[in-house]
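Multiple structures are listed underneath, in structure tokens.
In what follows, chain A forms one complex with chain B and a second complex with chain C.
And now, the complex of A and B:
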């Protein structure tokens, strides 16, 4: 029996990379979906039917992960042995986040707590912080795209270290933005 | 997931919540966080300069019940210890005391990291003080 592609990149017949041409990938996705659609194998052997089904589900997973740059980056990191889905290194230590960011996070949490207690001043503070963190997230995303390009052209591991640390900071900010939006709604 | 009675006790009646003046040279501040759950923990110690004993400890944690309980317990343990004794507190001690389940062990690691960060901040300040003193003379 034909064996399934070993990873999401092989599903699309590309080498592991971070920057992807999404419109082109989407076209590929449609082509492959059509090619391997289980309906086309209704009268094929059980083995072929099985393969079509498995391939299609792998293809759907791959497309879902690839179209989100953060999920895609996490996937590639995992593939390269950076297996830290919970953000911890192997010795169980929390990955380091810059102290200045922690202090900002702490201040925002204080403001959120006060805003929940009905302090209108704090609400204003949360709104300001939300603006700040949204802008911070945008700048991280620009930085991320630069790392994507740098890694793809050089394939040097240290870019992945930088990427991993960036994703940790981003996740923090993501949670905060969500909390702040909830507090203001 | 069920929390142990001890976790619930610390969560419902956290000890030593608050903050101290972080510019005070006798105060060491540790700020640590876990991005994956958005936890952030601030732990402070105030050291008696004559005895080297931690007179007071305060914390403020934004996070889950286990993170709050771990830091609350840590401040209780810190009081009355010397700085060097405080460094021997291990996250596993916190795990055992609070009966934390495996998925919450990272909360105890965070508390241990916070203790170490606070002590390191205090030591740096003391070193800086000595340097400033030497400079003045």
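And now, the complex of A and C:
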């Protein structure tokens, strides 16, 4: 029996990389789906059916992860042996506050508490903070794309270190944005 | 000169045909694919629609379909309808709706409902199996070949247990279910066949018992479901129940009699409100009429009033629609086509609501009752290889998660993930020498275990006894193309396959389904035969006792000796057949005794008449 691809990148026949051409990858996804989907093997041997099922689930998992730049980056870090916070064993919320954000986070938390108590002025503060953190997240995403490109061309490890700490900060900001949005809705 | 040989030999073995089945809450249909496209298959009464109703008469075989629907009026306690609503559910899930249904639930229905009907206890998959078997028979009669493989449709929002129950029903009916396909996706397939264009489609599927909304992207024959949402407990049945409750109150006021405990009256009234509902799809007003035990009830229902009554029900369908658009990341303007499926979409107010929400005129070209079965037949064609240019990429409707510390659910596979989809997770032991690890798998979107639906508990057994935390068991959760979870585990230290015992929270175990398959094939016949033997014996007892009594009377001694001998022979033969299990033989020996003792019976009659006359004289 054919052996299954070892990782998500091999499913698409590409080497591990961070910047992906998503429209092209989607075309590939459709082509591979048409070739390997279990529906194409309903009359085949049990072994072939099993392969179709396993390959297609891997293909779907891979496409789902690759579509999302954050999930994709986390996947590559894991593949390269980095221990990434996956939101389970190491909950993003519980992990340490990135030092450069300490003061702002403290202020936001105060405002959130007051807003929950019905302070309309605090609500305004929360809205401001939301704007600020959303902008911060956008700039992190630009920074992320730069790291993606830098790593892909040089394959140097230190880019992954930088990526890992960026993802950590981003996760933290994600949580803040969500809390702020909740408080305002 | 060469001779051309014409080969009239057998055509090469064609692979078995796969039919497409729409197993609906109210109605079911079977369809197949021929060279011109998908076709629904009519039953012996000419209609392709088989009402999903099964009647279990006190004697004889269960009756399915239109005939069973009639039985609903005369024998409601032994007639099951809407069994689909009970599939994959436990007693606690359906307590509310069973109140309005005439059939009774048996004890021990916590994880699988058992209904007490026709003197037996049956689970919803067994009842659905009767409907499936009827469809199978219709297809076999129409196509003149044996049918063993099928595609069966399920509501897109069906959870794992409900899908498994549907698959079980197929197995019990003697069908290998090659694929479960979601109803809205099947409908899109049926519409896509003659359109063949690219774009975004919304399928609004409002059936008898369930509501689904799916948004699909159609590209070069590929039907990719972007998102799905729904409510497995929202359908035309709810409108019927609503009207029925109001009508019952109204009748009570008018007649001064509460009919709600009278099953027959309730079923008649139910039929009356359904008729009115149907009429209101085309007429501005309808009359709910009931004639019962010499009493007459007539209530005019204008469409305006009807629409006011059902607005909350219809509004309930709009919530999943909005959630689905959000999940698919599309706006109403980005949806190119809207397709309507299910009988309830005939209601003008439903069409109006759909038009307003999606801002476009919905498609209704295909018969909403047939479109799902037609799509199932196309999917059957995809599986058999007859259709090569189309493919469905469906999604799982609900997130899959694990119970972790503090009753929290950790999500492994998120809803709307394209299936098949998988996730792996590593587990270890907490105590030295621990041999088992129990994994609790749930479905749902909420964070706490208590708010999600328990799917199953998986017991990783016979783990190598090692120090706490040393074991490394990798568990793979795979949702297959049917939307059903498969779990496998591997011991990473030894590389060996790890045994997993599955304890489903709702539904039947594999062994139970196996037993039902055997029972349904052998026992249906055995049951019937046994009952006939029992009945024959009762009759034989009666005859033997009567002849025995006659032998004590003068009439016996007045009988010629040869006739006495032939009666005794007949008695003896009846006794011999009595303990066998051939009711036909018992029957024939009874007839023989009856014939042999005719003279005895005549003598008895005569002496009885004499006695009566004597009696009158004495007085």
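Basically, the second predicted complex is superposed on the first by the 172 of 185 C-alpha atoms of A that agree within 3 Å, B and C clash if a C-alpha of one lies under 4 Å from a C-alpha of the other, contacts with A are read in each partner's own complex, and residues count from 1 in each chain.
Simple rule for what comes next: contacts are C-beta pairs under 8 Å (C-beta built on N, C-alpha and C of every residue); 3 or more make two chains touch, one makes a residue touch a chain.
Only a predicted model underlies this, so the values are computations on that prediction, with no experimental measurement involved.
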Worksheet item: After lining up the shared chain so the two structures overlap, which partner does A:78 touch, if you call chain B first and chain C second: first, second, both or neither?
Response: neither
Worksheet item: Is A:124 touching the first partner chain B, the second partner chain C, both, or neither of them?
Response: neither
Discussion item. Taking the superposition on A as described, I'd like to know which of chain B and chain C A:109 touches: first, second, both or neither.
Written reply: first
Worksheet item: On chain A, which partner touches more residues: chain B or chain C?
Response: B
Worksheet item: Counting only touches as set out at the top, which of chain B and chain C does A:99 meet: first, second, both, neither?
Response: first
Item to complete: May I ask you to decide whether A:53 touches chain B, chain C, both, or neither, giving the answer as first, second, both or neither?
Response: second
Discussion item. Output check: A:172 vs chain B and chain C. Expected answer is one of first, second, both, neither. What do you get?
Written reply: first
Item to complete: Would you sort A:155 into first (chain B), second (chain C), both or neither based on which partner it touches?
Response: neither
Discussion item. According to the stated criteria, A:39 is in contact with first (chain B), second (chain C), both, or neither; which is it?
Written reply: second
Discussion item. From the superposed pair, tell me which chain A residues show up as contacts to chain B and also as contacts to chain C.
Written reply: 88
Fill in: chain C-facing residues of chain A, complex
30, 33-34, 37-40, 42-43, 53, 56-58, 60-61, 63-64, 88
Discussion item. Considering only the defined contacts, which chain A positions touch chain B in the complex?
Written reply: 86-88, 92-95, 97, 99, 102-103, 105-106, 109-110, 113, 168-169, 171-172, 175-176, 179
Practice prompt. Note which residues of chain B are touching chain A in the complex, please.
Written response: 31-38, 40, 42, 60, 62, 105-106, 109-110, 113
Fill in: Touch list for chain C against partner chain A, complex
15, 178-179, 219-220, 222, 379, 382-385, 391-393, 404, 410, 417-423, 478-481
